[in-house]
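Below are two complexes that have chain A in common, paired first with chain B and then with chain C.
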Partner chain A sequence: MSEPLFLFDLLLALAVVAIAAAALLVRDAFAMIVLFVVFGLLSALAWVRLAAPDVALAEAAIGTGLTGALLLKTLHHLRARGMAGWEPGAAAPRPVPRAVASLNAGLTLAVVAGLGVAILGSPLRVTGLEIAVAEAMPLSGVDNPVTAVLLNFRAYDTLMEVVVLLAAIIVVWQVERGADAAPAPSLGPIWQGFARLTLPAAAIVGVYLLWAGAEAPGGAFQGGAMLAAIGLMLLLTGLYRPHPDHRATARLLFVLGTVAFAAVALLVAGAGRASFEYPQGHAKTLILLIEGLVTISIAVTLTALFHGREPAALKGELRHDP
Partner chain B sequence: MISMVAMVLIGAGALFFLAGTIGLLRFPDLHCQLHALTKADGLGLTLIGLGAALLAGSVGDIARIALICAFAALSGATCGHLIARHARRGDAEGRDV
Partner chain C sequence: MTGPDWLTLSIMLPLFGAVAAFILPRAAAGLGLATVAATTLCVLMMADRVAAFGAVTVPLGGWGAPLGIELRADGLSVAMLALTGMVGLLVSVSAIDAFAGDRTARQRHYFWPLWLLLLSGLNGVYLGTDLFNLYVMIEIIALAAVGLTVLGGTREALRAGLDYVYASILGALLFLLGVGLIYLQLGRLDFAGVIAAPPSAAMTAALAVMFVGLALKTALFPLHVWLPAAHANAAAPASALLSGLVVKGALYIVLRLAGYMPALTEDILTLIGLMGAGAVIWGGIQALRADRLKLLVAWSTVAQIGLIFVALARAGERGLSDSWKAAALLILAHGIAKAAMFLAAGRIKDEVGHDRIRDLDRSPIRPTLAQVTFALAAINLIGLPPSLGFIGKWQLMEGAMMAGYWHWVAITMIGTLFSVAYFSRVLAGFLRFDRVRGGPLAEHHGWSGADAAPLILAGAAVLLGLAAGPIIAFIDLGAGGAMP
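Our next item is the complex of A and B:
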């Protein structure tokens, strides 16, 4: 308890819980999103305090930055269609049926109880798989244990995460097509200048995060999120406008990461090796290849998710949806 | 000696953040609040960055701190501008209706 940062950690933990509660209790959707973003930033700080900089980077870049942007975009979309729910001055929405509320409460309680049992039942002060990972590090081809686990020892899990993103964009393109009902607002000359200054910097940071993942915190998801930020800025500045003709390229880029990942996994199999068992001496090359292509796919998919619709020219479509 | 100077700089930076927060809570309208926040936070972060740079071990760390301060200042100013712009547009639309 003599740790000098103990008070800081205590305040941080209290603030995270308080802001999570505030985000749930506040009525205004915009305030809710802002609180969610603050919650994510404080969680990232908490991950740093827990000595998990990889998770902190992912939380800050994807969990906070991009998810916040997606939520704001969704709110913009809903407001344009007058479906944003409760607005200042509007009539109160219909109350949630009591049965639904009780069901939600019951399920949440069950999850909390399950987590509690898992935490209380787990043995104290064990090293987990740290020793096994440290012993296998020379075989992994990289120097960062997190990357070794994600791209080598447990690569199957990471492949599934990439597939989840692919599934998300497929569903979004099925649900929404055509021109945007709520075109992005013009943000003015100062924003354009800001984007011009920060775009190259964001590109460098994104590629650096990907490259650094081999020996330091970073990796495909963090780098991809940074590059997706460039995509968001390109969309918001109007420098890039999605066009129906671009769909083939976009589809190719969506599946690029998944296909490359799965192809490498299958092609290295055989000759006595299982899938994902990279041949000795080629592990680093293969991991970099996978990470590079997955980064491109993540960046393009997240940007497309932000755009939120397939840019298809529908028959007889006007500029505005009904 | 250097660490004393760094402490004073970081403390002064924290004071500016405090002043900015008080401004956010106490000032009557959005433009005044933005005025308090953007000025105080920009200066506060620069002071804290200076203090941290004095304590930094290597040139690379100092360069990183300088970059962080520069981009935070850039994005802080741009965000302040965008919020004020949005608020003014919103007001104008409100009057028109």
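Our next item is the complex of A and C:
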């Protein structure tokens, strides 16, 4: 290990812990979110250093980018609804007494220490399923082991993760109609020009991430998150305005990935093959088909999660107009 | 594996049903009921195979564990699937009535996709043999369950739903932490690998973290704080699903893992039993104090879940190979009876107009069918013969007595006394007529088709006790490989 990189890793590790502590200690909600985003970016960097570029991409795109946007949107809602203590610059409410907080911290530390002793005291198995994955790779239809695990060896898990996202948007659409409308956050007209310039580039990056997933780090979740960033820009600049008439289309796009994935999984069965067992020679085609459709669903779902409510709850189109 | 793959179908059918109900909201109820019926049919076909061949395994993707994921159905899995199917079908029937009409159109449109996703997740848990896969499934269950909790849209329901989200996510994260630790130790996550693992401090620590996560999800005392409000404030069919089925998912994983704990020592089992005993007593006290019918029923869930953990600990380490059967029987009995009881409580609230226990005997309106349903469910939960609950408690106490653990017998007795006391508060209100105010007595009020489903459930819970022998034999099928 070369000396400068070791120093970098050390600083990175310290910075991650310091930023995490700062995010917990700071009282201003906006600062908290900014620190969270910085924390996410540094964690993504740490994943790169741990030779896990797929995780790094997911952390940067979803864990940091989209989650940060969702948190900011929530803050916007809270401020618009005049929640006490959430005005700009105001301190967040502090309902937890200091004694309780310290007791919790002490107990958590004790549990973590106990776990640490138990784990470090036992011999770790350094190899997981790497050997089994390497042996099965030629049959998987793709060259990136991560994609092979996600879309072939453990496709069932991945399908169900896509379903988790579907469940999330169904719950959000259902819940949000109960709340009062808050004015949507929007950016000024200058941003529309910015959007026109950057969106095509973002679209290319998103599709590239999806396509590259077959051989290199990347894939449906990362590509979908990138494309969702476009959706966010479209919403924020007002280039796209959700309308109740779009609901049927939106619902179809939400379920597209789940349906395609599940249908392929069931239809390939038969003739001695189990569900999810792709016929030989067709694995790559089917995986790309699934990934492509899942990417669309992920992008649209993440965008809709950012928008929040089912468009029917819009009290007219007024709140977007000046 | 020859013939149709009933295992995969029983997970995929509700998934497709949920999608169909979501994109066609107007037809949601019909699609939903048809899907639940078809899924239950799948489970029956699966039960037939398991009865004939013992455990059935499907290697998804053809890879086989530990690289791929396998689905496995044995007696216990099928029993849980059958419970889910039976309760699900009857709750679905009553949901059609509960969400009929324009006022509840929005609830109807969202109930069905959420409930079908929940069904898919539950069936996935009961068939899963891979720890990471179980994590994904409990996430689906959690999201769908939270959606069902807040379906009514009231402020209380939203508040309870938020608490539920926090508890549920924390529980899932703890479970995931344990899964990660196990992968570090073993390099695999399938059940077979976990069974074969040599006992070590790290494995115990990992399983302990997972247990705490699951205890949070199944609301074991003292991690139960989110449950009463969540279950009491949901719409009646949602409450029935949440209390009857959802908490059973995490309970089932505990039951499975209990067989694999490499170092499930006497001390740990006693601790689990003590948590259960705490739930029995605290849940009983709170149920006695509850002012609302649905809150009382929700607190009784806390107590009954505690009893299931007492059953797991009833005979200590040596008796564990039998104790899980007593716990499984209590799970089945509670699932059916509690769903019936919540549906009945919802019917009573609808007809009477409120569910304040104190004022139930003042109301001139007496929805007798719903009251009979409530009483039958109470018989089952108290554990009077010949109900399934009676058989479960009998098994619990028999095992505890044979092992000489009289303290668990005493806890069971105390729990039974508590349940007699708090259910009597309600039943006495049903039977008193001397305090009626505001008009002539309207007995047999509100007899409707909506009473049929809960009544069938409650009746089944009582009568299934007569079939306890075959049920115990069935849940033992194929257990050799998974329940060492």
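The working rule: the second predicted complex is superposed on the first by the 260 of 322 C-alpha atoms of A that agree within 3 Å, B and C clash if a C-alpha of one lies under 4 Å from a C-alpha of the other, contacts with A are read in each partner's own complex, and residues count from 1 in each chain.
As a working rule, a contact is a pair of C-beta atoms (placed from the backbone, for glycine too) under 8 Å apart; a residue touches a chain by one contact, two chains touch by 3 or more.
On a predicted model such as this, the values are computed, not experimentally measured, just so you know.
Shared-chain residue A:L12: touches no atom of chain B or chain C. By the touch criterion defined above, A:T198 reaches chain B but does not reach chain C. When the two complexes are overlaid on their common chain A, residue A:G128 makes contact with chain C while staying clear of chain B. With both structures placed on the common chain, the touch criterion links A:M137 to neither chain B nor chain C.
Touch criterion not met for A:L75: it reaches neither chain B nor chain C.
Of the two partners, chain B and chain C, it is C that touches more residues of chain A.
Residue contacts after overlaying the shared chain place A:A22 against neither chain B nor chain C.
Looking at the shared chain after the overlay, A:V207 reaches neither chain B nor chain C. For chain A in complex with chain B, the touching residues are 187-188, 190-191, 194, 197-198, 201. The part of chain A that touches chain C in the complex is made up of residues 114-115, 117-119, 121-125, 127-129, 132-133, 136, 152-157, 160-161, 163-164, 166-168, 170-171, 173-175, 177-178, 248, 251-252, 254-255, 258-259, 262, 265-266, 269, 273-278.
Across the complex, chain B meets chain A through its residues 71, 74-75, 78, 81-82, 85. Here chain C touches chain A in the complex through residues 1, 5, 8-9, 12, 15-16, 19, 22-23, 58-63, 66-69, 106, 110, 113-114, 117, 120, 124, 130, 132-133, 136-137, 139-140, 143-144, 146-147, 150-151, 153, 158, 161, 181, 183-188, 200-205, 209, going by the rule given at the top.
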